[in-house]
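Here you go, one structure.
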Amino acid sequence: MTRTENMIRAAVIGASGYTGAELVRILSVHPTVQIAAMTADRKAGQALGDVFPHLATAADGLRLPPLVSLDEVQWDGIDVAFCGLPHGTTQEVVAALPERLKVVDLSADFRLSDTALYAQWYGHEHRAPALQTEAVYGLTELVRDAIAEARLVACPGCYPTSAQLPLVPLIEAGVIDADDIIVDAKSGVSGAGRAAKEASLFAEVAEGVHAYGVAKHRHAPEIEQGLSLAAKRPVTVNFTPHLMPMNRGILATIYVRLAGGARAADARAALAGRYDGEPFVRVVPEGVVPATRHVRGSNHCLIGVFDDRLPGRAIVLSVIDNLVKGASGQAVQNMNVGFGLDETAGLEQQPLFP
Amino acid sequence: MTRTENMIRAAVIGASGYTGAELVRILSVHPTVQIAAMTADRKAGQALGDVFPHLATAADGLRLPPLVSLDEVQWDGIDVAFCGLPHGTTQEVVAALPERLKVVDLSADFRLSDTALYAQWYGHEHRAPALQTEAVYGLTELVRDAIAEARLVACPGCYPTSAQLPLVPLIEAGVIDADDIIVDAKSGVSGAGRAAKEASLFAEVAEGVHAYGVAKHRHAPEIEQGLSLAAKRPVTVNFTPHLMPMNRGILATIYVRLAGGARAADARAALAGRYDGEPFVRVVPEGVVPATRHVRGSNHCLIGVFDDRLPGRAIVLSVIDNLVKGASGQAVQNMNVGFGLDETAGLEQQPLFP
Amino acid sequence: MTRTENMIRAAVIGASGYTGAELVRILSVHPTVQIAAMTADRKAGQALGDVFPHLATAADGLRLPPLVSLDEVQWDGIDVAFCGLPHGTTQEVVAALPERLKVVDLSADFRLSDTALYAQWYGHEHRAPALQTEAVYGLTELVRDAIAEARLVACPGCYPTSAQLPLVPLIEAGVIDADDIIVDAKSGVSGAGRAAKEASLFAEVAEGVHAYGVAKHRHAPEIEQGLSLAAKRPVTVNFTPHLMPMNRGILATIYVRLAGGARAADARAALAGRYDGEPFVRVVPEGVVPATRHVRGSNHCLIGVFDDRLPGRAIVLSVIDNLVKGASGQAVQNMNVGFGLDETAGLEQQPLFP
Amino acid sequence: MTRTENMIRAAVIGASGYTGAELVRILSVHPTVQIAAMTADRKAGQALGDVFPHLATAADGLRLPPLVSLDEVQWDGIDVAFCGLPHGTTQEVVAALPERLKVVDLSADFRLSDTALYAQWYGHEHRAPALQTEAVYGLTELVRDAIAEARLVACPGCYPTSAQLPLVPLIEAGVIDADDIIVDAKSGVSGAGRAAKEASLFAEVAEGVHAYGVAKHRHAPEIEQGLSLAAKRPVTVNFTPHLMPMNRGILATIYVRLAGGARAADARAALAGRYDGEPFVRVVPEGVVPATRHVRGSNHCLIGVFDDRLPGRAIVLSVIDNLVKGASGQAVQNMNVGFGLDETAGLEQQPLFP
């Protein structure tokens, strides 16, 4: 891959988590971005290949620097920081970064524009409320222009991405009733991160399925924020996540009441119109059922709509890879928008199946 | 295990499928039942251990007969026939069995009491309408007395079992609105049987999840039949099944509107009252989330209820092992009822986890 | 299940691990054993169903006591202790138990009869060398008489069980060369226990396979101890374990050099003769390949032998469920032997497939 | 992606199998190759996205043609044919192709240079013996120059790739004894293809492991052919494949006797020297254990070497993705060599983990 001297230089803050590794995987084939720094406080001094052996070859080929602690980073010459830290730690970190940097944050720290709502759901006061006012919620297809101008982009959560991509256009088009939305979501385990927790052990997850965070998951207010904006009034939704015995992928099965006499075909048409020409969002034809394995490893989102047996209702199916369109892929997409690059740069990889 | 001379002698018709194997597994530890014949037309002449190597030891120990074709069975001395044939083939087979036999059918052929509805959903006229009138729908906990008297028990489908066990008591108690029920169900792959189909290949199922039969699955009318009886009027439901990358288990995540000011606690109380003393159905405490792996290999059903974020709504979670309580276990339970045995005989095995 | 007043009363020490749960699962259907105490220091005060929801129904039905800390146990009236603690902690615990108790230990603490070898591999001096002299290594089929007399039985490790059951008779019969044995073993993840470790996370194990502990796993000296006894001289083996993306099961693929002109058929015959009449060990017919899923959840061991393409060599395949015959099942089997019970009591469950 | 007018035009024969889909995935990001035709006799007329929904987006973006039957292909203007048909059907198909075409064959039909050996293992006479004499066995790193000149490249099997990449240099360097090689190989299920077979069903593969083709797998003579060339005399090996519950990946655990007093470090040095500068083959440092998940989705091969506990022996671990370096990736790599392109073109994707 030819790399020019005018590469954008990126720092990956929190490179030892799955989203950090995924950023490196994606950026390693990005034609105009170079990884200039990677941080991981507890793994400082190690090579990336020690922490993620699957990236050892990429790290060598790209001459990636070793992992350092955050305070060791030389910010001179760095253009953009991807921040993949756990929620609650990011607000102060971002506030301390040089102001000239673009920041693409993958945590939950800047997603809720209402800091009181943040405090209610995350259990502590917001630590950078001024920054929050300038953060742009980075659901790329829906707010591309604002992202282009933003200094700080708050990338949406994985579940909220899978839910809002289909629901926002349907609400805006008046095709569905915003007051009767049930989001039954199914996610792979990588969404829980790499922390060593009993609940994420292979033997606790394989060969079974269960709901979790029932009626109290933190992605509910985030989804509601987006849908309320679309509906121009407060919207509450059911959001019920389930843990699947698989690594990657989210399927959102969304049960909606159609409005104004609409049918599934109308919903499909509204979505197809909204996403016409989009490289990553695809409305599948009538009768086709999206599966998470159709998007694995890619930045794609597939959306299908079916008429329900219940009159006046429809079933909307949406799939993404939680680590790509639901995290690191959308982050790179947002960076591309922010720097005026081809939006698909680094993201042209097709899904890996089987 | 001591076996008396007064054993009940059972035939397993269709022993080469997963439900057939599961019947043998269960009956092999049943204290008063002996397997006297096993049929599998395409595998006739083979030992059970050739078709299911995991049962070779049981077959030897119990001196199980070889697989024969159906027309080779000597019915003299046989007391009960379990019928695990594919749907559509069972009606004529059962009609041809000696009348003195008890029949426990695991297919879909006698589940719908309305033969017109059967014809509509299964694509052909019912071939034994007279038998249909005497068939009892065998959801054991709900119709135990009728099962005790029945000659022909139609065991419920796996999904309908998982949905009706929680929903029927809730409707009967007036705790929920029967007109706003959404059943999002997740099933292991064994529910699709052992037929060699591309859609059931490992590489087509692992590492992914998808819905199927959206708004047109044949278990929808079966669920509706049970709920309509409970509601004493026609009920239509949303039923959306999903294929999980796991062998066994069904989780039904059921979204309901509470009636008459009820809360989740009222629903939980109604269920706990209804299933008090039942050996296989258990209402879990507030806050506990049932998982399919908590019932794997057992005849148990666990049910939990949560208040929804949406006011006036609740989320009901129900889990079973599709091959046990959803098929062969409930079949044996029904046989136990039919012969006046201890209902738990042969079914005392605890779940296998991990 | 009828339970007499003359039940054997058992304590399960370390009931919060997978082997502890498996002991409860098995003992819950044992006709003459009652669980009188269960310990789990860090979970003391909790009900078993809080720690292992899949056992909540069993715990209720059997009126199991809550988990207590070890020092809370009232030993009066207890007949046998199963000890499922991590290695290194067991020696002192067992030394402190009342002498009249039978002890069935599932840890590695008493498996190596040479305490110097123990110190070398486990990194600390043996803490109960006197007890070690009376411990009997509990590979049931091979030392049944000694187990019947023993106060302290050290249950073999999971891998050593899978390797020694086929290899000891082959060495004793002179059919193979003890100096050229390669054991390539594949294990499910439950063998690593329930501790929260990054290496056991779902996302680190699913969709992949790798070797671990290469040339330095602690089960190597244990296997060598048994084979040396059989060969009546010191034997060294290759033992290479691999982690499989599955919950349960061990497959040992063993590469051996045949001795004295023997062929695979001779090896098969030697094994079949040695295990004739054994309820749990089965030599499969020529051409049949054992699979771990053929023994899942059961106390069975299946063994097959094939001629190699390399002249004078054979391939021996052995499968067990690591948590049953490789741990808790064999422990109960040993208890049965120790108390003169039917050896299959509590262990009659057939494999769970699929 | 900018595509020039001077693109190489490729046909994919047999595009409806997993290797066909993988070719499309890889070629879709190849900078100088364009897919001009795709065949699938039984799916002729369908769009690729109907057969492989994960490729629907790629098919649209690249304006891929629909699937056609083989005899519908217009060969004018096509430069190279990838042939991914089942073995036994390819010899006549390739013989009928225009002679000016480069052919990269993924089947087993041209891998064995000795047509008598082919007939013995594949059960029928070779149908294109003249073509066989010009076929080059395409293990790229080892025969790059011959591949550059070849019209017909026979891509190695997945298992043989994983075994020969480490073993050929070790034999050539005289570091190991070619007469004592045991290859215990573990493969994901995609290696069995997309045919609907009971043995490949999810429920028959998940949660278990087993060997297959013991001492009679067709990849044994292929491995032996390569090792015999390296040893300059006939070599026989043990090759024992195992089916893993995972989609992709092969781990070859190879047990070897060291020669001439060598140690693992010498073997590692010999391999590191041989593969110095290779973009896809990497010798991992001492103590590092390669895992299949470290190469998933990439064209990488990782090799590690460990001293055995058995004196004078070593353990060699080699991992590849069976569908990439074991099939379609190596095929593209060979095409790149054949057309004088950058060998990594289209193959720069890093592994997908988790």
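In this document, chain identifiers A, B, C and D correspond to the written order of the chains, with residue numbering beginning at 1 in each.
Criterion: a residue touches a chain if its C-beta (ideal position, glycine included) is under 8 Å from a C-beta of that chain, and two chains touch if they have at least 3 such contacts.
This is a predicted model, so every value here is computed, not measured.
Colleague: Based on the averaged CA atom positions, which chain is farthest from chain C?
Modeller: For chain C, the chain whose C-alpha mean is farthest off is A.
Colleague: So which has more C-beta pairs touching, A-B or B-D?
Modeller: Of the two interfaces, B-D and A-B, more C-beta pairs touch across A-B.
Colleague: Just curious, how far off is chain D from chain A if you go by their C-alpha centres, in Å?
Modeller: Those two chain centres are 35 Å apart.
Colleague: Which whole number of Å gives the spacing of the CA centres of chain B and chain D?
Modeller: The separation of the two C-alpha centroids amounts to 45 Å.
Colleague: Rounded to the nearest whole Å, what is the centre-to-centre distance of chain A and chain B, using the mean of the C-alpha atoms as each centre?
Modeller: Centres of chain A and chain B (C-alpha means) sit 40 Å apart.
Colleague: Which residue numbers or ranges of chain A touch two or more of the other chains?
Modeller: Each of 18, 188-190, 203-204, 206-207, 245-248, 290-291, 293-294, 296, 354 in chain A touches at least two other chains.
Colleague: Write out the stretch or stretches of chain A touching chain C in their complex.
Modeller: 18, 188-190, 194, 196-198, 200-207, 245-247
Colleague: If you look only at chain C, which of its residues touch chain B in the complex?
Modeller: By the definition above, chain C touches chain B via 1, 18, 21, 24-25, 28-29, 52-58, 61, 189-190, 206-207, 247-248, 279, 282, 284, 288, 290-291, 293-298, 300, 302, 348-354.
Colleague: Which of the residues in chain D end up touching chain C in this complex?
Modeller: Touch list, chain D to chain C: 182, 184, 186, 188, 203-204, 206-212, 214-216, 220, 236-240, 242, 244-249, 251, 253, 255, 289-294, 296, 306-311, 313, 315, 317, 319, 354.
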